[in-house]
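Pasting in a structure now, in structure tokens, and then I'll have a few things to ask.
As written, the chain order gives the labels A, B, C, D and E, with residue 1 at the start of each chain.
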Amino acid sequence: MVIARVVGEVVATIKDEKMIGRKLLIVRETSVTNELVGKPVVAIDTLDAGVGDVVLIAQGSSARQTALTKETPTDAVIMAIVDTLQVEGQVTFRKG
Amino acid sequence: MVIARVVGEVVATIKDEKMIGRKLLIVRETSVTNELVGKPVVAIDTLDAGVGDVVLIAQGSSARQTALTKETPTDAVIMAIVDTLQVEGQVTFRKG
Amino acid sequence: MVIARVVGEVVATIKDEKMIGRKLLIVRETSVTNELVGKPVVAIDTLDAGVGDVVLIAQGSSARQTALTKETPTDAVIMAIVDTLQVEGQVTFRKG
Amino acid sequence: MVIARVVGEVVATIKDEKMIGRKLLIVRETSVTNELVGKPVVAIDTLDAGVGDVVLIAQGSSARQTALTKETPTDAVIMAIVDTLQVEGQVTFRKG
Amino acid sequence: MVIARVVGEVVATIKDEKMIGRKLLIVRETSVTNELVGKPVVAIDTLDAGVGDVVLIAQGSSARQTALTKETPTDAVIMAIVDTLQVEGQVTFRKG
């Protein structure tokens, strides 16, 4: 999984019928100290995440292994909201 | 999913039989302000998208989870046409 | 899918038994004007493609969705031979 | 698989229900001499690995092929703890 | 598939139970003239390959489509040993 921060959202009225009702968030990969390092990726939210949250995203077929994304054309899903990140015994990020 | 803009199309008469009748569009990844940043990728269109549309594409096995692409040798599909992109509460792209 | 040009072939007598009889072509990703831009990838040919042909390749599990590649250890397949590529209404490549 | 070193861990109380009880470790790809070369990736631990261990991670759908990760939204798993790495007949890394 | 050369091996006694008895080789992607160009990847050997052999590796879920790797947490497999590589009609590599 990749560590990422939610930075925005997508509105799309024309979409695959299986995507109806799914919330599309824009996330960007972050470092372990919550600095943005990656480009925008759109992930399905399954956990009521919001802008600013640090999350984990699963990609590829694994993105379809949640109740909300099963059998949908989804290749990225938010499957955890991060409380803390620790590297070498030091807390590098703590949810605000 | 990746944010992309439709820039063109592919004509191919010799192709896998499951691809007959499928529309092959050339898309390029864009920034959240609709600047082209990625190289060309060919995606199956399931939504009657056209050149200039900003879309979302799903890749990998997830590209086969639409009615039109099921069990086809397809690794990229257009599964949403973007109306708006918002980053940090600001609209960065609005359709048309 | 990725736009690629067939540049060569691989001979391998020791291989997985499911690969027996499969033609292994070397392809390289091209621009929309058929300039080589990518490194060599080996794809299974299902369409009797030859050196110089511009083709589309599907990768990952989607490479196993053709009659010839089903359930084989194949992660890239040629599933279309390109006639024309069009970008912004201009033909950028036409089969020779 | 990728050679990686465990560098830290993630705590996340809000997560997909299938992830409850799963240990989330932060790993970074290493060279064959155990120098960190990659960025942080989060992998599920199935082997009681700890910070400092050199491990192999499997990614994509293969990450779901262990007893602990089956049908979970997981795209990276630790599936081996490395004892030794040998390149060209030389041991380049030895555990402990 | 990717063209790669076997450069070494991994010993790991603590591993997923499905990996018991599987040979883990370190490979690196090569050019068509057998120059090393890629970083180390660990692949399961199914063909009794050895250090110095030029091979093809299949990655992702396709790595699980051999008799030895079925349903294992494996994302890279050696599924062919290369005899010759030809580019534009020239032999660029021939097995020694």
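In this text, contacts are C-beta pairs under 8 Å (C-beta built on N, C-alpha and C of every residue); 3 or more make two chains touch, one makes a residue touch a chain.
The shown structure was predicted, so the numbers you read here are calculated from the model rather than taken from an experiment.
Chains touching both chain A and chain D: none.
The angle needed to superpose chain B on chain E by their Cα atoms is 145 degrees, rounded to the nearest 5. For the pair chain C and chain E, the fraction of shared interface numbers is less than half, so the two copies use mostly different residues to meet. With centres defined as mean CA coordinates, chain D is found 33 Å away from chain B.
Spacing of chain B relative to chain C, judged by their CA centroids, is 20 angstrom.
Counting partners per residue, chain C has 60-61, 63 as the residues that reach two or more other chains. Taken pairwise by the contact criterion, the protein chains form one closed cycle in which every chain touches exactly two others. Starting at chain B and proceeding toward chain C, the closed ring of contacting chains reads B, C, E, D, A. On chain D, the positions that touch chain E within their shared complex are 1-3, 31-32, 37, 46-47, 56, 58-63, 65-66, 69, 77, 79-89, 92. Across the complex, chain D meets chain A through its residues 7-16, 18-19, 24, 26, 39-43, 51, 60-61, 63-64, 71-76.
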